[in-house]
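In this document, chain identifiers A, B, C and D correspond to the written order of the chains, with residue numbering beginning at 1 in each.
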Amino acid sequence: MHHHTDPAMKACIEECLRCYSVCLSTAMNHCLEMGGEHVEKKHFTLMMACAEICRTSAHFMLVDSPHHKHTCAECAEICTQCAEDCERLGNMEECVAACRSCAQSCRSMAH
Amino acid sequence: MHHHTDPAMKACIEECLRCYSVCLSTAMNHCLEMGGEHVEKKHFTLMMACAEICRTSAHFMLVDSPHHKHTCAECAEICTQCAEDCERLGNMEECVAACRSCAQSCRSMAH
Amino acid sequence: MHHHTDPAMKACIEECLRCYSVCLSTAMNHCLEMGGEHVEKKHFTLMMACAEICRTSAHFMLVDSPHHKHTCAECAEICTQCAEDCERLGNMEECVAACRSCAQSCRSMAH
Amino acid sequence: MHHHTDPAMKACIEECLRCYSVCLSTAMNHCLEMGGEHVEKKHFTLMMACAEICRTSAHFMLVDSPHHKHTCAECAEICTQCAEDCERLGNMEECVAACRSCAQSCRSMAH
């Protein structure tokens, strides 16, 4: 990333891209293979919404828009919900961890 | 779009995709060709941020996430700022109109 | 879209954004609700890949990159496969029509 | 990423997301600040097209679509052109390195 980017933002961009990768990959591999409640509309939509807001928040930080504070706030909220729903289903530890870590980073970036 | 989608949301998705198209195309064609204040960081970043939030809000409505209310609220805010900045520069009527129309549609979708 | 954009490209951008909207919305609403073979990995992945390449091809035309010829060629190929798979499952006429129409438009744009 | 993902694909996803980040951030910070030939349409469009195809190729690998071979082939081509154009302008070493590294990884993934 560009050399002017501050370290906290740089770390948050990486958290967002990692959480995007884990959520999308888990939904399209693990959840589709498991079936059942893993492909119920509420859970699967939350996984896809989480992947998308992470991708978008990273984008806003990369283009250096001051509105990244708002996308990061929304990202923290969706990631937290996604972590809780993955915990409820069980056996999705990698996704839970990526969401919690991204939520924390985005929350501090939002202030 | 899917036949269950309500007409107001359907219209808002179309407004968002239209505003995304106009902002991105105008930035990458009109603004790069004009140069000067059209490629100053503040204006150009606002154009790109506007295109991205419009693309994302359409995505949230298409996947039918309840969080579309928050992305639409943010979209309305960025579109309004983008319309004002395009008005300030002048000769960007198509972009001003697309942003104002999208802002109005997103604002009502956010409630 | 920007006034310099030629009419054929303008139409292709609209076809791509419409096919993106229909595929994503149908996958996340119709397919998740139907379950069964609609959420089998092969079909669902094809729907999501189709939505993504349509979104990307529109983007390449909007930024006016000469590489849009290659993304449009790939888009035509994926749309054709997606139309065939939706036809096989049945009761997905809107998606079949959007994919066929987008494939045709992208194929002519690719030359 | 999902535990079934093979190591070479995992590495390629990371290369793509890194090149996406570097190209987008460099365009929107370094290039807009430098002005002159950095914001000429041909160079700037290539930077944005490179960011977009990297983002898309990562997405295709994450959703585990067999069409990732085609998006990776296109990604390798655009990254190579982008590296050459950044080299021509000079003082864009980070971008040159990210593009070359991503091109190599995508080329081997395309076979």
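Rule of thumb we're sticking to: contacts are C-beta pairs under 8 Å (C-beta built on N, C-alpha and C of every residue); 3 or more make two chains touch, one makes a residue touch a chain.
Chains and their UniProt names: A, B, C, D = Ferredoxin.
These figures come from a predicted structure and were not determined experimentally.
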item: Rotational angle, Cα trace of chain B fitted to chain C, multiple of 5°; value: 180
item: Copies chain A and chain D touch via same or different residues, half shared test; value: same
item: Chain pair with the higher count of C-beta pairs in contact (B-D, C-D); value: C-D
item: Centroid spacing, where centroids are CA-atom means, of chain A and chain D in whole angstrom; value: 22
item: Where chain B and chain D are represented by their mean Cα positions, the distance between them in whole Å; value: 26
item: Two or more partner chains touched - positions in chain D; value: 28-29, 41, 45, 48, 59, 63-64
item: Residues of chain B that touch chain D when the two form their complex; value: 28-29, 32-33, 35, 39-41, 44-45, 48
item: Parts of chain A lying in touch with chain D, wherever the complex brings them together; value: 1-5, 13, 17, 21-22, 24-26, 28-30, 55, 58-59, 62-64, 94
item: List of chain C residues in touch with chain D within their complex; value: 41, 45-46, 48-49, 52-53, 56, 59-60, 63-65, 67, 70-71, 74, 77-78
